[in-house]
Amino acid sequence: MASFGGHAIPGGFFLLLGLWLTVKYVLHHYWRRNKAKGRPVVPLFFKRMNYGEGGMAVFASFVGIMVEQFVVSGPHAHLYDRENNSWVKLMNWQHSTMYLFFGIYGIVLLASTASRLVPVGVDRLALSMALFVEGFLFYYHVHSRPPLDAHIHTLLLVAVFSGSASAMLEVFMRDNVIVELFGSCMFILQGTWFYQIGFVLYPLSGPEWDLNQHDNVMFVTMCFCWHLAVALLLVACIYSTVWWMVNRLSGRGGDVEIGMRNTSKTSSQKALLEASDEE
Amino acid sequence: MASFGGHAIPGGFFLLLGLWLTVKYVLHHYWRRNKAKGRPVVPLFFKRMNYGEGGMAVFASFVGIMVEQFVVSGPHAHLYDRENNSWVKLMNWQHSTMYLFFGIYGIVLLASTASRLVPVGVDRLALSMALFVEGFLFYYHVHSRPPLDAHIHTLLLVAVFSGSASAMLEVFMRDNVIVELFGSCMFILQGTWFYQIGFVLYPLSGPEWDLNQHDNVMFVTMCFCWHLAVALLLVACIYSTVWWMVNRLSGRGGDVEIGMRNTSKTSSQKALLEASDEE
Amino acid sequence: MASFGGHAIPGGFFLLLGLWLTVKYVLHHYWRRNKAKGRPVVPLFFKRMNYGEGGMAVFASFVGIMVEQFVVSGPHAHLYDRENNSWVKLMNWQHSTMYLFFGIYGIVLLASTASRLVPVGVDRLALSMALFVEGFLFYYHVHSRPPLDAHIHTLLLVAVFSGSASAMLEVFMRDNVIVELFGSCMFILQGTWFYQIGFVLYPLSGPEWDLNQHDNVMFVTMCFCWHLAVALLLVACIYSTVWWMVNRLSGRGGDVEIGMRNTSKTSSQKALLEASDEE
Amino acid sequence: MASFGGHAIPGGFFLLLGLWLTVKYVLHHYWRRNKAKGRPVVPLFFKRMNYGEGGMAVFASFVGIMVEQFVVSGPHAHLYDRENNSWVKLMNWQHSTMYLFFGIYGIVLLASTASRLVPVGVDRLALSMALFVEGFLFYYHVHSRPPLDAHIHTLLLVAVFSGSASAMLEVFMRDNVIVELFGSCMFILQGTWFYQIGFVLYPLSGPEWDLNQHDNVMFVTMCFCWHLAVALLLVACIYSTVWWMVNRLSGRGGDVEIGMRNTSKTSSQKALLEASDEE
């Protein structure tokens, strides 16, 4: 990952995940506020979104692990080199471990969407753990680097651990839109901050950054706050856009909302049937 | 801000904000305890207070940013000086960033007062974030200063982060008067402590403080507790005064409470009309 | 306080407070479990206990402040010595500040017992703050001492901050007997640990402790756990004894419980009358 | 404990406890989801499980204390050696203290199962305290060791304190299967990690580990995450297996579930009788 691209790829991944989660949570929130009283079952529409999200997470983490392992300079699934008595490419192994936990999140999300036997909220716990493991490995990753390098990664940890805490909170407070959007905001922040790390450590153009200058550390701290402001703005824009679009489509008898309502009705009937079968 | 005035201005600002919030929360509490059962809608009176507060926050932070940027010794919106390869007046930029987040709080407060589509409690989250960003920037601001200077700013952080945590708690526990008053108490404490920092670092009269003497550090720690005691006393006095005044006015058929009741009645009717329009 | 007695006095105070709180909370718990459904008003019996506790807290902290100030070697209310340009007896001032906050707790307890206008739970917040201030001042008190001395005071902080957190929790979770008894257990632990500090730093007999020896630090850490076990045992014993006594007295038509019931009935009637008067 | 065996014994103990708790909590969860509405009383079956668990905890901790004290190289209940002015085998005393608190947990579990006078949730508090004391003693245990040794024990503390926090949470959130399984997952993690510590510090075969090499520290951090993944997998497997078995037995009119139902019915009747007797 010691390149601009190596930071841009996870950055893009987290950014997309954050944007996706924002859209999903706004739709959830819209549905919760406008649903009829007697239909507590989540519509098929949301189930499909979860299947897609879970499948993507499993797929992306599988690809990530494979790339980290079998890239030319990778460890090729060798952990210990007995000849030199040394570990082989621990960095790649650490990144594989991080991907593994996002894969576990995907599997848990799939399982909890598919079966009602999985306790509600376990997917949030798995997401919280994936973020915790990411932050945990980064934390010990950063030791003994130049001040700016260490600092810029420490700021990443703020976003990672805030996201982890927020996901943990969602285990206990389901369906609180503020916590949900805060979590997705932290993903967006993490994503854009990965890009920022890439720009600072491996600038595409212009002079190198002096990694020991205190002013750079001060600027980077402030820059993190600007990223946070941008992430908040993005979430607010997506919130209003999605809400407005869904409202408009549903208002003029449009297709999307009607489709959503229709699938939700049939899905709730199916879910009831499934429920009676299972018991 | 390296002067007494530079500490007195934010100090005065936070002190006024704290006093204002105390009055507002006591009125809220009075209204909650005395309202008729069937009127859950917040009266227009409180909406107007929120519009005023939000507008003031936006205005004050806009002025603050402008002053920090275009003061004679300011950066005039230049961030990087390509000639000297150095950042321009990072201190002013940091303060502008702090003001920015209080401005965001103002905007969110206005939006959440105006529209019922904004999730309840988002204004508290924005306030919590504004305080967090303030504390976050201060935390990295304080490095490598003399002991007393570092310590006196660290104590400020206690008030800032306590206020942030308290505002975060309000996201989940609406209408708990103890949390609300604790939060406004932290604002008052922050305000008076800014004055104290000014007095210690830039004494108006008398000898300079020895920034390395341990006794001074000990005194300042204790002094912080006295400020806390004074802030608690102020909140208690305002609580009793406001309660007594509102109670007396409402008891003898006075004007203020009656006016409040009247506006609240008409506003609740309006709100109901609005609500039925929106749906 | 640099003597055995100087640690034994606060130790005894906290020990007695802890034992008292345990008895009080067990009686509360007994009353909650056995009260008739239609009587939610707290009986006069508990009000009187609170008046006693609050009055004692105010009195004890007043005496404490006076003693700290006007003892022979004390500051006699002088804070700054202009001749030598130095602070006067900061240690005594710090202790006075600690007492001040326990005095505030007493006043708040009296106020919240007397008037229904004081929000429920403010007394717990005041207690939490008193403990926080105690721990806060101790924390900066302990710097640059020999290892064992610093360590033994750090362990005290564990009890102090746990007690503070527990009291803070009680603001939000009223009437949870486990939190209440945990808090009083922390008071008992704090009390016995003050004695232990006295024994270690100012041994009544036997050799001095080597303040730099690592084994002593290890022993003291373990000893703290034993104190915790003893505190738990004490709370358990008091719980069973008080429960058994109250149960027995109430079972055989005894005097104490009957008296308590009688006063509680009349008090609930009075409280209802007061309530109707106030509104 | 300075041997492989000395780490394998507690490791095996915690591993078994974790597996046992997982089974117990899955059965609880199954029972909660399938019980008839009108039977809130916990069946005798679970009471017996708690008696067994409490008894085992008391027995194991008693044996542990005896072994630590009266092993050949142990202190034989001597704490201070007056001749050499030194503490006797503090390590063994510390381990005895840890066992003591797990013994207290056992006693509290027995008491809270036997009597309805013990407040609900006290057993969880005792478990949380036992884990806290274990972590607390380990924390000061680890000082001034080589980096890898210190790090590998620090990682243990992550599992220990997470388990303690989770048990503390259970005091307030009874019957939340996610928290319960998270707690037992932390026990399994702790157990397997004890084995890992044994393998690293006292390798059964192969070369010694270099305790100062940074790569070893990095590997061990990552390895901890793998242990976490394995622990999660174990809990998931046990969950599905137990659920499937109980479901199948109850479906085909099998013996186990029927027995459980029968005992639960009679036990609920007995419990009701007891309850009416006690009151």
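Each chain carries a letter (A, B, C and D) given by its place in the written order, and its residues are counted from 1.
One rule holds in what follows: contacts are C-beta pairs under 8 Å (C-beta built on N, C-alpha and C of every residue); 3 or more make two chains touch, one makes a residue touch a chain.
These figures come from a predicted structure and were not determined experimentally.
Copies chain C and chain D of the same sequence differ in orientation by 90 degrees, per CA superposition (steps of 5). Comparing the residue numbers each copy contributes, chain A and chain D share less than half of them at their mutual interface.
Averaging Cα coordinates per chain places chain A and chain B 33 Å apart.
One simple way to say how far apart two chains are is to compare their mean CA positions; for chain A and chain C this gives 46 Å. Contact of a single residue of chain C with at least two other chains is seen at no position.
Interfaces, counted as pairs of touching chains, are A-B, A-D, B-C, C-D. Within the complex formed with chain C, the chain D residues making contact are 85-87, 90, 93-94, 97, 100-101, 104, 117, 119, 121-122, 125, 129, 133, 136-137, 140-141, 143-144, 171-172.
Partner chain D is touched in their complex by these residues of chain C: 29, 158, 173, 176-178, 181-182, 207, 214-219, 221-222, 225-226, 228-229, 232, 243.
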